[in-house]
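Two complexes, one shared chain (chain A), two partners (chain B, chain C).
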Partner chain A sequence: MTNFLDAYSIQYWLESCPQGYLMDTDYGHPADEKEPALVIEDPVLRDAAIRTTVQLVVGERCALASSSGLVGCAPDAPSQCFLATQTLDEARHVEVFTQRLYDLGVKKKELEDVIARYANPNLVKFAEILLEKVDKKDFVAGVVGQNVVLEGMAFSVFEMMETVNRDPNPKFAHTLTGTIADERRHVGFGENRIGSLIRQYPERKSEIEQMQKDMSYFMLATFADNFRSNEMQQEVEHARDELDAGARGDATWQGVNLAQAEPAEIEAVLSDTILKDFQARLGRIGLAYQTPAKPRVAA
Partner chain B sequence: MSSVDVDPGADRTRGDADETPRRRYELEDLGFDEVPKKYRKFYRRWNGPGDTIAPNEALCPVCKVIIRSPRELRAGDRLYCMACMTRVRIVAGENGGLETETLY
Partner chain C sequence: MSGSGIDDVHALEPEDFIEEVHSFEHWFEAVEGYLKGLDHGHLPDVAEALLTAEERDRLIATFCSYAVAETAALEASSGLIAIAPNRHAKIFLSTQTVDEGRHVEVMLHRLRELGVPDPEAEVERRAGPSVRNLRKKILQLVEAHEWDAAIFAQNVALETMEYTVFRAHARTADPITRDLLERVLRDERRHIGFGENELGRRIREDKKRRLWLGTVKSELDSLVLQTFEEAMEEIGVPRWDRPSLGRDYLETVNRLGLV
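Presenting the complex of A and B:
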């Protein structure tokens, strides 16, 4: 059997990504696709789309800072090479989601103010835990935090969002499809690389498991803020009033029809899916999943 | 050998405990564009829990892509998921079916 590290090459990335699923795309989607008129023209739906997209930009900025920081502390050339491709993937994600904010009508000069206004504080704390490990050049913790926890979360969040948007907003759904394809490589690297490294450094396990627990808590708190807010309730009701059942399409994900489910039900299926996924991924690489505390319901 | 020289489905299998001849399958490109062109026929997208997995297919537990082999799969076979660059082994599941486990 060849060394698994041999798989990480720029050539492979070129043939799979820019020459594969990103061929002929414009900011991640076919050039002729636009945001639906309803999203642009309806202030409630537009505001909801901007708020959601800001969280994606914040998460991807974290991933960009993290992957670029890990290039310099990777223990071998193939890992450096992979993280270099991941850095470009993350930079692309920042760009395509930022472009979506512009498509939704955010002016370039307003961008940072809009991000500061809407960025969820718990998501920022989630990112800070990871970036602290990267700042300390802690490769093992950084890759678990980034490629298992952050990317594992993104993988499920993007899948769910792609399902919801597939019929009513193909442009955004296609943008998400490309990012999901990238996330497959990222989570694969996390498991493959750390699976072998964790055996070399078993003394690191408890500290890394604590990091996973802390990051998971702030992830759940982000979801709680989002799905339990009055704004979300109103937006969901408004969107359902504006979009008839046909336009919403079949939005079944993990057995739940997202087009009809209440926000609390969507939060539960998303959280449950991600936490189970963390448990499975960590178990495969020899780490014990730590159950995070349940965030308190915001007033 | 570079990653693109790895042939994920063709005769990398080792599950030979059952000596009855294996069914063979003609693979065609099903539109999975996340790997280099010449390997696309070895993969397809998974359509969720209701998706029927054929005897020559296995679900990658890491990235949830279906890996397709030109031969019927059996416990002990080894496959490569090029979408997430993970090696997997086919194992007998508790319900009598086949499952996958990662090889790190």
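Presenting the complex of A and C:
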């Protein structure tokens, strides 16, 4: 275990992250990159960008609360040190996405109101399930909830968003690239560290599997709210009217061209990718994936 | 992180200043200069000094106690994030969490360099009793969600004590230990600064808070002093040559108006 945990040390983190892929960035992107004028000036696109970014801030605040909360109940020093790096990664994610809200014109004084107004209630419930485990100092459940479920979701959502933004918004795409690199490390830790603990505490399995099922349900409900809302339909149509095909670029992710697909199709490929990923990862650490209930279609 | 901005912070409005100096960006610019190219907390090309068996053993005992103090700081700074009153404090404490994690990691690694096969077990076996008690006390305050008292215990009392001990130790230490401690000291200075700034502001706003912190301070005083004496004993600093913890600690406490 010591050898595997060497790859998650602070030494390694310092060299690969702040002294590696974050060098010469300001708030996660090259200093000379700005939000495109179209996003800033078009009220529909700006509003959509704010709403999306708020969900990222909410998710990252949850990750910051859980990773910092798990430091004190980790069973060994190398795991504590890894979680210290994750804590700072998540704080950085909170910082860069909050900065994006400021870049989009949110005033500092309005920040908490904007977050409260736009935060998706299902995403908040998703976070609450995880934070309840962390509050109880439940390391095994906390790491599965955080480093497999939350991180697995974040990883695919960021990858998909990075693909969509690569051509029309390089600043945001670059911010996402750095967070994706961080999340990949976090997912890797979860998968590598937790397997031996699951073998040590097999009696915990069913409760942890139930947590995965519940968190997955609220994740799907968040996606349903988002992709099936009328605002989303209108925003997608509006964005496609404003951006010509050249500016949208080739946004193919998991075999779907995101620049042309309908919101329902995007929701399906995103959910499917994440759930398959959960299934594979949970299998590798010795947990049985539980299929979540399907959220009802929003009226 | 592109290296701009750190010199301009004093031109900012007070609120923006606090946001800036507590940010990840500011942390990175601060540490970039002294954490680059290191091998587990020290320069890679520093040669190990020839230590006698007794000197080595003493150094091992010292690092075991340091590791407990640093673990206390790691657990307390991460635990405080949940109760921090604002986002800037949360982000600063996240930078402190990684600093303290780094201190734990480099100190455990120093034990390995000194020939200890299982550093965590060695720490469990050999760390001094006072530092263990101090850790317990600090974590109790964090658990009780006592923000002001926990920040005082960690970022003022523990950090000032560590600062005085590490500085005294670095003066006489072997080259690797000295290099490692001098880099740790630069982090600790930042942590003390946060503690003073945060508490100074809150005490000015509320007199009752000052009285309460005065009580916390008197409860902690003897524990901090015992831990300090224990460390001086382990390092082997003769009584007549010991730095005055009282002076550093009292100066800070004076600045906060807590005497």
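Annotations
In this section, the second predicted complex is superposed on the first by the 296 of 299 C-alpha atoms of A that agree within 3 Å, B and C clash if a C-alpha of one lies under 4 Å from a C-alpha of the other, contacts with A are read in each partner's own complex, and residues count from 1 in each chain.
Rule of thumb we're sticking to: a contact is a pair of C-beta atoms (placed from the backbone, for glycine too) under 8 Å apart; a residue touches a chain by one contact, two chains touch by 3 or more.
What you see is a predicted model, and the numbers here were worked out from it, not measured in a lab.
In the superposition on chain A, A:Ser16 contacts chain B only, with no contact to chain C.
By the document's definition of touching, of the two partners only chain B reaches A:Arg284; chain C does not. When the two structures are aligned on the shared chain, A:Thr85 is found in touch with chain C, with no touch to chain B.
When the two structures are aligned on the shared chain, A:Glu191 is found in touch with chain B, with no touch to chain C. Looking at the shared chain after the overlay, A:Pro263 reaches neither chain B nor chain C. Contacts of A:Pro170 after superposition: neither chain B nor chain C is touched. Chain A residues 9, 11, 19, 23 lie at the interface with chain B in one structure and with chain C in the other.
Chain C contributes residues 1-2, 4, 15, 23-25, 28, 31-32, 35-36, 38-40, 71, 74-75, 78-79, 81-82, 87, 90-91, 93-95, 97-98, 100-102, 104-105, 108, 120, 139 to its touches with chain A in the complex. Within the complex, the chain B residues that touch chain A are 1-4, 6, 33-37, 48-49, 61-65, 81-87, 102, 104.
Against chain C, the residues of chain A that register as touching in their complex are 9-11, 13-14, 18-19, 22-27, 30-31, 64-65, 68-69, 71-72, 76-78, 80-81, 83-85, 87-88, 90-92, 94-95, 98, 108.
Residues of chain A that touch chain B in their complex: 1-2, 4, 6-9, 11-12, 15-16, 19-21, 23, 181, 184-185, 187-189, 191-192, 195-196, 252-255, 280-281, 284-285.
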